[in-house]
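Have a look at this one before I ask anything.
Chain lettering (A, B, C, D, E and F) follows the sequence in which the chains are written, and residue indices restart at 1 in each chain.
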Amino acid sequence: MTSDLPLGTIDIIARAYEEDLGQRGDVTTLATIPGSHQSVAHFVARAEGCLAGVTLIEMCLLHIDDTLTVEILADDGALVDANTVVVRASGSTRSLLIAERVALNLFGRLSGIATATRAFVDAVAGTDATITDTRKTTPGLRALEKFAVRMGGGMNHRMGLYDAVLIKDNHLVASASIQDAVKEARDLVGTDMVVEVEVDTLDQLKLALNTSADTVLLDNMTPTELSAAVAMVNGTIRTEASGGVTLETVRAIAETGVDTISVGWLTHSAPSLDVAMDLTST
Amino acid sequence: MTSDLPLGTIDIIARAYEEDLGQRGDVTTLATIPGSHQSVAHFVARAEGCLAGVTLIEMCLLHIDDTLTVEILADDGALVDANTVVVRASGSTRSLLIAERVALNLFGRLSGIATATRAFVDAVAGTDATITDTRKTTPGLRALEKFAVRMGGGMNHRMGLYDAVLIKDNHLVASASIQDAVKEARDLVGTDMVVEVEVDTLDQLKLALNTSADTVLLDNMTPTELSAAVAMVNGTIRTEASGGVTLETVRAIAETGVDTISVGWLTHSAPSLDVAMDLTST
Amino acid sequence: MTSDLPLGTIDIIARAYEEDLGQRGDVTTLATIPGSHQSVAHFVARAEGCLAGVTLIEMCLLHIDDTLTVEILADDGALVDANTVVVRASGSTRSLLIAERVALNLFGRLSGIATATRAFVDAVAGTDATITDTRKTTPGLRALEKFAVRMGGGMNHRMGLYDAVLIKDNHLVASASIQDAVKEARDLVGTDMVVEVEVDTLDQLKLALNTSADTVLLDNMTPTELSAAVAMVNGTIRTEASGGVTLETVRAIAETGVDTISVGWLTHSAPSLDVAMDLTST
Amino acid sequence: MTSDLPLGTIDIIARAYEEDLGQRGDVTTLATIPGSHQSVAHFVARAEGCLAGVTLIEMCLLHIDDTLTVEILADDGALVDANTVVVRASGSTRSLLIAERVALNLFGRLSGIATATRAFVDAVAGTDATITDTRKTTPGLRALEKFAVRMGGGMNHRMGLYDAVLIKDNHLVASASIQDAVKEARDLVGTDMVVEVEVDTLDQLKLALNTSADTVLLDNMTPTELSAAVAMVNGTIRTEASGGVTLETVRAIAETGVDTISVGWLTHSAPSLDVAMDLTST
Amino acid sequence: MTSDLPLGTIDIIARAYEEDLGQRGDVTTLATIPGSHQSVAHFVARAEGCLAGVTLIEMCLLHIDDTLTVEILADDGALVDANTVVVRASGSTRSLLIAERVALNLFGRLSGIATATRAFVDAVAGTDATITDTRKTTPGLRALEKFAVRMGGGMNHRMGLYDAVLIKDNHLVASASIQDAVKEARDLVGTDMVVEVEVDTLDQLKLALNTSADTVLLDNMTPTELSAAVAMVNGTIRTEASGGVTLETVRAIAETGVDTISVGWLTHSAPSLDVAMDLTST
Amino acid sequence: MTSDLPLGTIDIIARAYEEDLGQRGDVTTLATIPGSHQSVAHFVARAEGCLAGVTLIEMCLLHIDDTLTVEILADDGALVDANTVVVRASGSTRSLLIAERVALNLFGRLSGIATATRAFVDAVAGTDATITDTRKTTPGLRALEKFAVRMGGGMNHRMGLYDAVLIKDNHLVASASIQDAVKEARDLVGTDMVVEVEVDTLDQLKLALNTSADTVLLDNMTPTELSAAVAMVNGTIRTEASGGVTLETVRAIAETGVDTISVGWLTHSAPSLDVAMDLTST
């Protein structure tokens, strides 16, 4: 809790063990490994990438057995080569085997997201644009996945529907205008919350600039349209580009001068990093 | 519970809403949409693929508002073209907007897994091999992801460490032999649970054939080695191939005559299917 | 969830019944009232005040017995005279008696907060100042208490430590300067979250104005100091006055031109509104 | 659990942190305070009062960080002057800042209740009357608030509807008589639970004395009526006075000779004690 | 909650289904029974006995499928012959099969306890003694088991350590005397809770009579000793006999004139009633 | 978790304490025993039997107070004489008294099951039959009760409906034949789960032998019928006898040559072992 990891991490780990261990536990390990047997385990990034969740490996191990000795050998956010050992753990062989899969599943997924984020961040290096995530996250893992985005050098968009206003097309169905919608939002949330409004055209943008919105989301615009939008905004409020952004298109978007580019792919489709645990009897 | 969906699905949905709504709820919607406003929403698969979780959309919608009207227009397991409407829902605009993201995040992810599975199943069509998943699943979502694999035409490997024995290399560190390890496992679990043992070589396979194991996992073998293994086994026990299987390699593996091919990628790295909710005011 | 009430309200009600009913339930009612006995109950505000939580009464009643008939006769936020009936419920006498205390405890407390807030809001009427709450709330009830503040005409300050930055004196112990601290915060949270910084003197205020902070908290300043601060800020960022504000002092503070006045007393010490349930056998 | 604090205290603390920290945690502290920074914190009662919940401060601190050093300098139940340091804690500055508000919110509220209780207990000093609480407590905090009442020198009335019978007017709607109602209750709960019956008049009291009730609640009676009731009871069963009791009226009530006086105000409206945490960098 | 069943019953049922259904559910039923198949089920007491938990069968069925039709044909507390149908349910065959075992396990166990209790109650018929349970209950099921005791005609001893005082030998290790211990207890709990004290000899009993205890527990005394004790007490406080009471010994104990006889065997060792579900396809 | 005890054991213990301690805790102990008082406690099996749950005593003690010193003096599975001390614990008298009943209730129940199982296992000694449990377990305690069966020398049947297929008569209502039903099951669960089918007659058995079932359950057959069935099976699949098996009948059943005999009585009706805690002040 005093680290950057979200408060609910321990519950995620507990549930992961519940689904893996069920009511009978790891019958293979209980049958074949004596309780007194000792080993050393190395957690390894088998592919190169950007790490996220190294301390989660430690949490997973100690959750099963707090007598294990755990050394953290690499930091979250680090870029590592293939076959880098990130954690060394020693103690009960049973405990190491029982913890292995949950630890790897979490670490591989988060490092996959961090690695993907790092690729986007590197692609826009030298521009003023920041890369952010979206709400297109894995149900139950949002806070951890947004943590991984930060470790990859990205910034976080709002955590959920509760901590910032984002007025999209669908929210305008019942409002007389963009101006009315922004005013309604500001009246509800006051000045302690950021208000953002989505626009699809420069005409809509003109209306949005005439409100108290803090940020404008420029949805599915081409780089040419984005450049025109940035010029029209002229620094009066913040700008965000969004919509089907890929590694191929992100650089051109960044060069239009938008402040932020949000990328759903980071959390809904980035592949896991290849990670493993190597065990040696001691 | 009386459907194929796992028992804990409702808790997964509840937690997804908790992380999206927090303590203040959807401030944008509450501010801009009157409580009495009505709309119709279409949930659409924007890309072609294999569906999994259509009824989850319904569960997500009714979880927020059980007065919504929901029509299911496509079945789990169906192969659909791009832009197929799978669910039509109508009622409170607020409710539809609040439910949108959680429903899409679940549906997109599961359909991504089903679509990936279907591709592997199609790739081995005409052989006797079945495609199965692994335990390399998203923490907290295993049962749903394994459901998606079934919808894609795959079979499920064990659900966790508790419902089948799988003796790997690491489990042999403390046993005198493969035969001893299998016997220890059988003594613990009896005959009501399947016992599988991993072998890396034909020499190990010979030992494994001399046990009460039900299945042998042939780890990281080439098609040539697999063919030799299948010949040696000669139908006495079941065979499973595993290790870095891809869409490119799976056909050749299947043609060796193995009974099962397990593919971790299905659940740890398959991209989400592109899905969306279209809203129309009524 | 589609109303303004926080998501966790149902859990608060469930826990309240758990602590009141224990494992044996309402033994008095079970012993003395036959299961078939019917009554009508009127929930009454015995003192004049501002209402908050009228729909909570309904939720509490239906939580115990969803066959009760409940009519809501007054709205949250309404100012009512003493002895106003706000809810009329009819059905099983047992259910009404079992639900009575939990419903009244919640309704009385929230209406006490709304009534207190309304008094402060009325006291600054005609000025541009808004009244906000603080994080000095009852553990477990924060979202409901902040809802009550809104019903009383106040605005909500941040919900917790997670949804806005507020740099206080204690946060400067490790920073070189206010400017550094604001920059560190902005680097972490980006532009999707509001950053506020507390100052105790006009000298500190000058430094704060030279940052990207959105709001400045003017802590424990006299009206004279506040006026000077407002003049120095000159509309460039938002201003908040805080520190021991009472009904006696709030008007003078508002007249200094500050944008916001935060009042901890609203949630940590406002007395409950006097409320009751009158029962008539039918 | 082996102390006087209720079993569920740890859950109350956990929920309080959940609502304060959300999914992102204390962004201000994480941004501005390095993880290695150390401080000492003094928890202070700024006003004079009676303490309750000093050990809760310790529980709150250790819940966030069990490496903090915590010294308890004052006991629950103690009467202290303004500006008394009650707890001294040292260690990670981050941990101290994250824990501050939850610890103070709990400690301030409970000490407010203890202080209020102590005032009533002092007001009846020299009489035989004891002061007790009611079920008009904050939802979710009842056991802690009743603990605070004990620390202030009061006694606890029943914890809930489950651990004692209290037959009120409303329970008589379905019974032929007070005698019938008491008999029905006694038949259900046997002799392992106390049975109390409310009466509004001396006529009703006469009926109540003709039952197996252990206690009679004299509701909203004047001191004169109470004296007559006490005389009529003549020590045969216990007597309790109840109904709108204030600090101004409690002495006269106590002098009528009633055994117990119950005061709802202690838990539904007593203001918090003014408490604070002072931090010094080390 | 408005019935005699404890508040936590629904959680017990939910947990029972969790342990029976796991993450994959009832694979046998899902595989072999189409979702549309309909049946009628009869829940039958195969042996004669006293019923407890008939409405639990309904709760279990509706928990799985609230579209089932359920008729309750016998009441809790009823004495029935072998092969009595107690519940008739119809609807989805899948739902009936999935619910069967959980419903039967609960109903059989509780009816076993009720049947055992009824045997003891009948054995003391004509005396003034009541039969009560103890705290020797199944972990997690205490409130339900105590409900079953009531259905069998018994009374409940305290629900737990929290709702009555029972001073045993072990509690005297730190007290100067029985009188001191009773006084300490009374000072803590006041008069809203019953105080009972255990004595092993008539000498101890003499001391106990000189306290404010409400009840004396006569532990492991012979009928002769009990008669002497009852004579010594002479109606001044209540008496309870306890210790290894069996169906063979209970009558003689009751005839000594003790008020209550507590029997641990009712809840720790009574065998289940033989119950079953008969299914007919419709 | 790294032991043979199920994952959820800690929650079972926590709930047991919740139901015993409620919100006020052990008022007797808090009143009569000073916090500093120390004792030594001996947990004793008063009757001879087979132990299960000795380490649960330790878990229960440390759950209340992790400063207690606990020595385990006997192993689960051990056969002990009456009056054997199995655990010696020392430390806070309060903690020992608070933990006593929960620890004994769990230990006595599990040892009762182990003792009963051991009796059945001994009764079939010298035959090839193994004794197994059923799903007729106490709701909420299944995994612990099946652990106790293992400690008594029995084997576990499936843990629930989710980890093995068992096709009973009722499952055939919607299938054309036993062969169809087995095929449907195998198609759903694949080869990673055991499929068992129940038969009542030798005719049905003949059909079952013509399927891919792994085991056949011979329901309610006489020893003569069982012998004929075993002969017909002739070792091609496994055989299980079931239905009203008692200590009197189990030997004859075992001598028919069946592989497994399942006994519901072990978990639904076995009496608790008599256990106690003896306390000595230190």
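Rule of thumb we're sticking to: a contact is a pair of C-beta atoms (placed from the backbone, for glycine too) under 8 Å apart; a residue touches a chain by one contact, two chains touch by 3 or more.
Note that the structure is a prediction, hence the values are computed from the model and not measured.
Interface chain A/chain D: under half of the residue numbers present appear on both copies, so the contact uses mostly different residues. Chain pair D-F has a twin interface among C-F, A-D or B-F; that twin, with over half of the contact pairs alike by residue number, is A-D. Annotation: 52 Å between the Cα-based centres of chain A and chain E.
Averaged Cα coordinates give chain B a centre that lies 45 Å from the centre of chain C. Centroid to centroid, with C-alpha atoms defining each point, chain E and chain F lie 22 Å apart. For chain C, residues touching at least two other chains, in rising order: 19, 21-25, 30, 98, 142-143, 156, 159-160, 162-163, 189, 193.
Across the complex, chain E meets chain A through its residues 19, 22-23. Touching chain A in their complex are the following residues of chain B: 12-13, 15-16, 19-34, 37, 39, 93, 97-98, 101-102, 104-106, 108-109, 112, 135-143, 159-163, 165-168, 170-175, 181, 184-185, 187-189, 193, 265, 268-269, 271-272, 279, 281.
Here chain F touches chain A in the complex through residues 1-4, 6-8, 142-143, 146, 156, 159-160, 163, going by the rule given at the top. The part of chain A that touches chain F in the complex is made up of residues 17-18, 21-25, 30, 35, 64-65, 92, 94-95, 98.
In the complex of the two chains, the chain B residues touching chain F come out as 130, 132, 155-159, 162-164, 189-194, 196, 214-215, 238, 259-260.
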